[in-house]
Amino acid sequence: MLTEAASGVYVIAVTPFDDRGRIDEASTDRMVEFYRDCGVTGITILGMMGEAPKLDTEEAIAFSLRVVKRAGNLPVVVGVSAPGFASMRALSKAVMTAGAAGVMIAPPGNVRTDDQIAGYYDQCVAAIGADVPFVIQDYPLASGVQMAPSVIRRIVMAHPSCKMLKHEDWPGLEKINAVRGFEKDGSMRQISILTGNGGLFLDFEVERGADGAMTGYAFPDMLADVIRMQAAGKRDAAHDLFDAHLPLLRYEQQPGIGLAVRKYVLKRRGAIACAAQRIPASKLSKAAHEEVDYLLRRLAARDSRAAGLSG
Amino acid sequence: MLTEAASGVYVIAVTPFDDRGRIDEASTDRMVEFYRDCGVTGITILGMMGEAPKLDTEEAIAFSLRVVKRAGNLPVVVGVSAPGFASMRALSKAVMTAGAAGVMIAPPGNVRTDDQIAGYYDQCVAAIGADVPFVIQDYPLASGVQMAPSVIRRIVMAHPSCKMLKHEDWPGLEKINAVRGFEKDGSMRQISILTGNGGLFLDFEVERGADGAMTGYAFPDMLADVIRMQAAGKRDAAHDLFDAHLPLLRYEQQPGIGLAVRKYVLKRRGAIACAAQRIPASKLSKAAHEEVDYLLRRLAARDSRAAGLSG
Amino acid sequence: MLTEAASGVYVIAVTPFDDRGRIDEASTDRMVEFYRDCGVTGITILGMMGEAPKLDTEEAIAFSLRVVKRAGNLPVVVGVSAPGFASMRALSKAVMTAGAAGVMIAPPGNVRTDDQIAGYYDQCVAAIGADVPFVIQDYPLASGVQMAPSVIRRIVMAHPSCKMLKHEDWPGLEKINAVRGFEKDGSMRQISILTGNGGLFLDFEVERGADGAMTGYAFPDMLADVIRMQAAGKRDAAHDLFDAHLPLLRYEQQPGIGLAVRKYVLKRRGAIACAAQRIPASKLSKAAHEEVDYLLRRLAARDSRAAGLSG
Amino acid sequence: MLTEAASGVYVIAVTPFDDRGRIDEASTDRMVEFYRDCGVTGITILGMMGEAPKLDTEEAIAFSLRVVKRAGNLPVVVGVSAPGFASMRALSKAVMTAGAAGVMIAPPGNVRTDDQIAGYYDQCVAAIGADVPFVIQDYPLASGVQMAPSVIRRIVMAHPSCKMLKHEDWPGLEKINAVRGFEKDGSMRQISILTGNGGLFLDFEVERGADGAMTGYAFPDMLADVIRMQAAGKRDAAHDLFDAHLPLLRYEQQPGIGLAVRKYVLKRRGAIACAAQRIPASKLSKAAHEEVDYLLRRLAARDSRAAGLSG
């Protein structure tokens, strides 16, 4: 079960499809092993970059069960954000029964004031049960919801089952300090903070106090290395490695086509058999393909993991 | 099957729940009979006011099947808007197999340019099948999507299975003329136009060329009468009846609590056994209850259908 | 100077232009006299319906000075919402020097959390000065900002110069009770609450505790009468009068073209010489003109003030 | 006067203030010389990053005149986006009279459909005059307006005075190809395309066909070098230089505090005397200052221009 001690990389997994749009089960298994070999400490599925809304309920549950089973002792967090609590409850119950470690919930866009946000999470906990560990997803760029640090504290203090903040406000470095400050002044119990935003600020986020990353960059092994180096006090080496990846990481972080880049690189790395997305799908043009290949070749000169990956 | 000749009132049905939040099957049947007795020409279910997002997939299908079966020769339109095409396809297939007359689709908020809107409906038709009659739901206040008349024309001309526009732009009277103008100048084939917005402008919408209403005001019999009177050339009488209802209709059209008002009045009229909503639910305060009762008493003086309904 | 005892109708004034788009000074004077004769207790200028963004700074100041001078002992509130504090300060200073009673400020759309909203008003007061009486404009439909009752209390308690809430949340009846409840439980000093939204719910707003209306419906004399009747305990008579106007009031409340309706009726009533708006302007089609005339003729049968106004 | 042949770097200038919030005239002059020494080909003022909304009209005009005068033969583009056409016309007229090369206009957020966007620019040209060269600012992240390539073509073909597209859609690489494709297939005359988004994708944007950058990164000399190297066919060298700056450039591109970073670096480089912003101002925390200093030290190892800049 997910705890407030979680750290490292909880990779946002893609959902592998074949060329006809069916979930690719063999690739699902292979992907889990790939992530494990990358040194991740957890796997998050059915997030926004996991094409969750494109699955129907049965598929979502079947995919979750397969990942949980394969992951074994690797904890799996499942995104259960839904427009209504009936669907949220049903999916949450199904995946927790199957062995998921916890669930992740982002507020809908019409939830605005501090009271509304706190009240929304009250309703979520009533729906999924107070025994299900959950993650607050704080992603204003996608959700439109601005969550003040004091609101995060309210949710954490109201619900012992809140174990983690997925932090992807932007800019968000000061927010990490603010939340950690509540822990230091004793006004909030400690929780895990993992950061998102495609990893674009991970180099500094861990210096500010984040416990790690929850994002899906196609080199999660790099993310894990940066976190480990920082923990070991090797600041410059951590930045050197991060900066080597930044041109590609930035390219992958583009809204929309970023997922196509990510799946393409994961395919080149052997994690999945096919880079296809379900419609509505973003696609890489010939020029974009060449740009990714160029970035991979440049990266290979600085990180051997990228050697031989360009198309 | 839904055709472009559809007219009259396609009432937006509520979803009846009991006090514990379960779908009330007996009330579902009773509600269908109530609407039939009101003189509606069709029923629309799983719309925004039908609490569709609060149902899980199984419930949505079961509810649809029950309504379709009970409705008999009364056509049923089912809202199938969904964040992904897999869910849309699954729900659409299930309800059409069960005998629904057609489906209704609103675009998601991230679809913005004319090309994106037209392209979105292309993908919808690919997902649900070109043989499934569908309704364009044009509701900018809720969806955030502004659909120009020329875009509606593009969709209609690209897809013979588009049979109807649910028009609830606001202000929208000129849009009715614009779309009807395309039919007159031969640039677009004829479709059915039913109007929404809680009926707030129905008095003039039918004069502008709408074929009727698709909305859920708790007196759909009044809506049907107004449409019939206008068709019969009784303009002043139609406005007299409409104006008598306007204070209550306006009150019911409030975002959020409007549905609580509607369910309360439907319960008073005997259409459903319980006014409860699933959470997140809007609730009527004591003051609001008294206001609705006051409006009903005032209405009773001008329309006998409201006699004896106040709490 | 504006105080918390303000009540009645603070009419949202239009800005009169001639056919060439110049401010019509003679009509400005005439309009002030018209409003005075309607029994308003104050005038609000440069609001959203006053086409404020279409004036340049010099024009805005000149127009304000003219209205203030003509209004004499009738208090004038000036909308000074601006994207930056420099403009807000400059306009506020100019109009207060000229004799305005206070200013009105709505938050910009990027202000979201409770702290951000309260902090924004702190900055406003720093900019305009703590001696300038101000009105909080709470209009989520236009601003996108959801202001919880507790945030309104924070602003009121932090700033003695906050004298009034312009309430146009929708639905908003419960919010009036919530704010009045703070006064009753002693957690907030009393302020004036005037309501907007085109007057669409004025009948019940005054029953809930509002002190009056701040809106621009073209029959402000009706609004004043309704408020007076309610204060005198003549509830049914107040609703009868309100309901007689509701069909037109609803028509005038349409976003965009509502202002064209309002200016047309004000011209028919002799308040201004010309109904033109500055671009970007909404225009009434021939059909819309006829609809307004029809509504005026119907109204004339129930309120003699509308007699002879249709085109 | 601005022409479609414009290329290179049109730097988005900051507005220098002193510690008391007054415009710093000496720094204004010094900044223009700094930018000139960096090799920019033009200067853009009163953009979003120029704190334009914080200036009142008089200040905006005075600042524009000073920059234009000092810039001499360096073309100056002035942002004139405004909520109303009266202000847009007044500012445009004042700066063009003073010798500005052209103006830049972004659409307001309520302009949505293709027709509305094209119509809005028709009204702009009517307001500022058909003889004033203008730039379309296409920045959906800030404006909320999605502008399809075909709409850009409509504006360009309708208005000979449209000389440039400031491209900052994101992702936007394919959009450059789409617009250039219209030129190649003869359906659109050629215009200048300069890119924004803080330069985050400049490395590939120039490869896709952009003529340069219009952005304000604190090392505009780097931007100019990258564009020059790419034009000279030195692709790898261009990317090497760009990648060396990417960690800082990414840091500066954060919404809100990015401007504080930019002004801090510009101050360190001697371009301005004081990094202060007018309120509402973003501020750098101690931790953020140290991070920028760390990034500058790391940059200095790869680009001597950064030597000795850290605090």
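List of remarks:
The first chain written gets the first letter, and so on, giving A, B, C and D; residue counts start at 1 in each chain.
To be clear about the criterion, a contact is a pair of C-beta atoms (placed from the backbone, for glycine too) under 8 Å apart; a residue touches a chain by one contact, two chains touch by 3 or more.
The model shown is predicted, which means the values in this text are computed figures rather than measured ones.
Looking at the partners of chain A and chain B together, the chains they share are C, D. A rotation of 180 degrees, rounded to the nearest 5, superposes the Cα atoms of chain A on chain D. Comparing the residue numbers each copy contributes, chain B and chain C share more than half of them at their mutual interface. Set against the Cα centre of chain A, the chain with the most distant centre is C.
Comparing chain pairs C-D and B-D, the larger number of C-beta contacts belongs to C-D. Averaging C-alpha coordinates per chain places the centre of chain B 33 Å away from that of chain C. Each chain gets one centre point, the mean of its Cα atoms, and the points for chain C and chain D are 39 Å apart.
Measuring from the averaged C-alpha position of chain B to that of chain D gives a distance of 47 Å. Among all residues of chain D, none touch two or more other chains. Taken as a contact graph, with one node per protein chain and an edge wherever two chains touch, the assembly is complete, since every chain touches every other chain. In the complex of the two chains, the chain B residues touching chain D come out as 112-116, 145-148, 150-151. On the side of chain A, the complex with chain D involves touching residues 170-171, 173-174, 177, 200-201, 203-204, 207-208, 239, 242-243, 246-247, 250-251, 254-258, 285, 287-288, 291, 298.
Interface residues of chain A, counted against chain B in their complex, comprise 51-59, 82-87, 89-90, 120, 123, 126-127, 278-280.
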